[in-house]
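Structure below; questions to follow.
Per-chain numbering from 1; labels A, B, C and D assigned in written order.
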Amino acid sequence: MIKKILIANRGEIAIRVMHTCREMGIKSVAVFSEADRNSQHVRLADEAYFIGPAASAESYLVIDTIIDVAKKSGADAIHPGYGFLSENATFSDRCREEGIIFIGPTSDVISVMGDKISARKKMIAAGVQVVPGTKENIENDEDAIRIVKEVGLPVMIKASAGGGGKGMRLVREEKDIISGVRAAKSEALAGFGDDTVYVEKFVENPHHIEFQVLGDSHGNVIHLFERECSVQRRHQKVIEETPSPLMTPELRAIMGKQAVMAAKAVNYVGAGTVEFLVDDDLNYYFLEMNTRLQVEHPITEQVTRVDLVRQQIQVAAGMEIEYKQEDLFQQGHSIEARVYAEDPCSNFMPSPGLVKNHQAPQGPGIRIDGYVYSNYEIPIHYDPMISKLIVTAKNRKQAIERMKRALYSYKISGVRTNIRFLNRIMESEDFASGKYSTAFIDKNIDYLIQKESHSEEHDKLAVMASFIHYLNNNAVAKKDEDTEECNTSEWKSFGKRKSLMRF
Amino acid sequence: MTVDIKIGDKVSEVELIERKGNNIKLSIDGEIFEADVQNITPNIYSFLYNNKSIDVEVQDGAKNKDYVVNTMMEVFETTVIDAESKYQMARGKGSGHDDENIISSPMPGKVVKVMVHEGDEVKSGDVVVIVSAMKMESEYKVKKDRKIIEVCVNEGDNIDSHQPLVIVE
Amino acid sequence: MIKKILIANRGEIAIRVMHTCREMGIKSVAVFSEADRNSQHVRLADEAYFIGPAASAESYLVIDTIIDVAKKSGADAIHPGYGFLSENATFSDRCREEGIIFIGPTSDVISVMGDKISARKKMIAAGVQVVPGTKENIENDEDAIRIVKEVGLPVMIKASAGGGGKGMRLVREEKDIISGVRAAKSEALAGFGDDTVYVEKFVENPHHIEFQVLGDSHGNVIHLFERECSVQRRHQKVIEETPSPLMTPELRAIMGKQAVMAAKAVNYVGAGTVEFLVDDDLNYYFLEMNTRLQVEHPITEQVTRVDLVRQQIQVAAGMEIEYKQEDLFQQGHSIEARVYAEDPCSNFMPSPGLVKNHQAPQGPGIRIDGYVYSNYEIPIHYDPMISKLIVTAKNRKQAIERMKRALYSYKISGVRTNIRFLNRIMESEDFASGKYSTAFIDKNIDYLIQKESHSEEHDKLAVMASFIHYLNNNAVAKKDEDTEECNTSEWKSFGKRKSLMRF
Amino acid sequence: MTVDIKIGDKVSEVELIERKGNNIKLSIDGEIFEADVQNITPNIYSFLYNNKSIDVEVQDGAKNKDYVVNTMMEVFETTVIDAESKYQMARGKGSGHDDENIISSPMPGKVVKVMVHEGDEVKSGDVVVIVSAMKMESEYKVKKDRKIIEVCVNEGDNIDSHQPLVIVE
């Protein structure tokens, strides 16, 4: 069995993995850049190694360095988390060459599933339903017109190597076909060094629903039901929930089977996610497969009680999955809200900096996967997601009520966050009714960023509190000036006790 | 004691009427407010106000006597204008004046591009600096036609929030 | 429906109730004594009212004052939590007289179940299996000898009005019968103003297993399975878990039925707990019924996903229970550890005072029901329990591993706590095997309070850290002395920003 | 710089060898230790020591230069004895001396019973004061036969930790 795992990541996901390591009696090794010495993932690990400058290209993404640390620390295995090297086929291969277990799929699987065209081909061959479209690259303008007309407008032009919305162009009218293809190609070339693009039927206001799958090296593949991820802003997920309010038991059974077929088609070992687009008539289409742990994996853990990281580690070590498909069911309802350090009122501008106060909600049905603490300085170099607030309750209605309660008592100051924005999502009619698609945020944006109705009363409170704080500070300053002997002033001895000295 | 307190464009006159232990009585634009206010931590106050309970957090803002106030999920930026501030303003040392000539970022980040040089004449809406933070880039522009007096940062610099990037005439 | 609830309690249970109030859209009203203005339950409530001096007899226990506040605030209902007025028949009656809903049973039920002799009689009549013994008061020495001999040694002499281990005497030999009865009587008189005592067969090293029940005013009664509460120190529970490692499905079904019978016998409305003693041969005996929410209710909520406080409020408002017996099942395993401000190494001496740092564990399967925060001063007047750490996982083994992980990252300083002691319980063989009874702590006490094996290494760390801290403080002081102009010293401006001024 | 540091009965000689930024090198009774030590909050230090990561919290103890140190789940009480302390001790102002004559409680609480008066002669093991905290009563006794010099508290008083309750000869 694995005895020591290097976690080639930072922030909340590194900590998430460490929790399970500790529970399994496995030692954890953290790596950290110059910007991360004080990061919680370093403090919670058993061991920690410095790996270079703040820029991830010079630290978290340097395969040689990570491998070096794994050897120096005697780690048996590497968990890549999500992002960074998690879907890097070269890294997966390199680990194998070095005799280190990579907790994730083989390079073949990563390569096939990482390229959208090859993934489409594989899925069609396996009998998985994909979005109507083509699997060939568009080589020239004539191709473009012909292919798009075959598929039928509207269509999406997509970069084969793409992701995160880059290298994508929606074309609704014939006259925009050529310009759309060219734009997608040039963005793809700039973004991924590869201008291969292909055409897919555009699904109007789709729902983004994904299935969690688990495979082991004994040929077992199971799914752990769906996650509804349609609340997105610029292709960034904001809220996820399970079960999906759109789902029926029949559809769940069929899509679950399709997800398992998809994973089996590539002999998938580990935890993976099969993403689908679903339209309002419940037509579903394979979109892509993510060959790693997903940010939103906790909601699945909440309703199934399966520790996905534990399963990842165990199957990577060659063990069988602990569960059979028929053992699994969903109990209750779980929602995840991603807390970002950003200011929704200033066009979602990122807000790194010193966290002056961080107080997380407590009580029934609350789970926090986060990494910031009071007095922590959030670096400018990495992702703005600072924590995931996961609530679980008997049913969807109570889960929403619980989320509102939790957001109400989630206090973060010093940096701006989207907590109020998240609360508005919970309060919106479309979300409450469960009738929403990926168009949700755009459709509701005015409501979501509008002022609170009790603003006026709180306005007064803000004035009172500022005044009192000013009086206190003033009193402090006054007292200081009045005192001849420095060492006797009261606030100062307090300051002495509490002062933070960089050592 | 009386001061002015500004939230957004609104200025309120606030007067301390009485303060007895944790009980405070004050007037805001003539309206009387009484509350039991407890200092929980240096920056968190627990208000009991007509028996309503609410926590308010006050953090220092960008400048002296600027505060960032959190009540429930809302954030307010306030400025206390006391006799000293008024005196400073009267002497032309007010804060309003400088602000317009300094281009700065409200957030910390890294300068990825400086588009201007000292002495350049720029047009309203021109981008002068691009700052990146958390994988997102923000453009900083001039609001009116201006001349660049000083460029305070270099490409690659890490900057603090509110640090001057470019000074214009 | 109920719109506003006064919570006649303090600390973690008041907060627990408020969470559900907020989720249900019900306003919460806190009450606080002189010692509790800064308590978290005041800060989290919608409204808060001062009710008197620190001593609970002059504040939390004064019925007139509580009723006054309920009226002044316009509360429809009162939730008593546990302790204080929660099992006070007079208070239940008084609420009804004043037209306020008491979230708990009627005075009749409280009275019958609060008196152990009348409860025994009621249970025997209802067909519930009780500990062999008598239901009559022992009036004189002859009675004592005769009755004890009837029941058979060893026996327990118990005060009818007793609780918390007071007024109880174990008698193993005939020669100790009379002195035992006399001692129990005099303690009962001193403790409860009532010297009625009775005799019960003494069950050797029993398991303490209780069943959660819920009844509504429509005649429905269900049970929500068992809680194993055998880890006790001086009749104070320390660890609780569900399912009980002792339980079999058959026994669970029978005892569940008995618990429902017990509740039905008194037309029970609300949440209650039926306590049983169980011996190693799985013989079970009704012990008593607690007519209130139990400290350890969260573990039941965790494995059933039922919000017990929500059910309490709904049935108090006349609604039916949301669940049928057949809807309910246990998923996973949940353990609660009670964190006390006490020093296990100094004979469990209580440790109130200023909490300098409080950092609760996070991540999967962790629930904290607590009330302290960094900079909070725990008052000397109330219970030493400062929080409940509840973990939930797939099975018992993983729940224990999770509890150890959670305890490892639970940081409380300023006051002493039993966190390490709790961890030792998790590490003990008897607990891990699930083979433990109420004798567990006494049996394992040496192991539980023994030094850690890594003490020596940590010893060195403690020396290093003290030295560094000393250097920092020294540097600070030095710097201050060296500086002529007070206002320029670096640590001072820090002190100014961070200084706590009592306003 | 060299000081003695006491944990329980054990005294270690600690010498600072080098300090460069966050890296510290010191010797404890001649054994060399090197660590990267980060001050996370005023009282929490993150140690990286042979690449092992561990958080250590240091809080002020009952007296100046007394500390309460938390590592993982363990608590250590330490005392730094520097040149100044040694000088004080040499002048008879040492802390050891006073302690034996002062009966105090390690925890705050409420005095429920004072069993002695000034001038009383008490026997080893006699209870002098009963203090209640969190519904539990603790008895404070004299360890040897003593004469009561002063009773510093009254019944009903709330006391702080380490506050003198009774002073004996």
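Side notes on the structure shown:
The definition used in the following text is that contacts are C-beta pairs under 8 Å (C-beta built on N, C-alpha and C of every residue); 3 or more make two chains touch, one makes a residue touch a chain.
Quantities reported herein were computed from a predicted structural model and do not represent experimental measurements.
The chain pair with the larger count of C-beta pairs in contact, out of C-D and A-D, is C-D.
Most remote from subunit C, judged by the distance between CA-atom centroids, is B. Centroid to centroid, with C-alpha atoms defining each point, subunit A and subunit B lie 32 Å apart. Centre to centre, using the average C-alpha position, subunit A and subunit D are separated by 47 Å. Each chain gets a centre from the mean of its Cα atoms; for subunit B and subunit D, those two points are 45 Å apart.
Within subunit B, residues 37, 39, 41, 45, 55 each touch two or more of the remaining chains. Counting partner chains per residue, subunit C has residues 44, 374, 408, 468, 471-472, 498-501, 503 touching two or more of them. Those residues of subunit D that touch subunit A in the shared complex are 22, 24, 36-42, 45-46, 48, 51-53, 55, 60. Residues of subunit A that touch subunit B in their complex: 341-342, 346, 349-353, 356-357, 380-384, 407-408, 411, 413-414, 416, 419-420, 423, 452, 455, 458-472. The part of subunit D that touches subunit C in the complex is made up of residues 1, 3, 5, 7, 10, 12, 14, 16, 19, 24, 26, 28, 33, 35, 37, 39, 41, 43-45, 47, 49, 54-59, 65, 67-76, 78, 80, 82, 106-110, 132-136, 138, 158, 161. Of all the residues in subunit A, the ones that touch subunit D in their complex are 30, 37-38, 42-49, 73, 374-375, 497-503. On the subunit A side of its complex with subunit C, the touching residues are 15-16, 19-20, 22-25, 44, 298, 301, 305-307, 310, 322, 331-332, 359-360, 362-370, 373-374, 392-394, 398, 401-402, 404-405, 408-409, 468, 471-473, 475-477, 480, 486-487, 491-492, 494-496, 498-501, 503.
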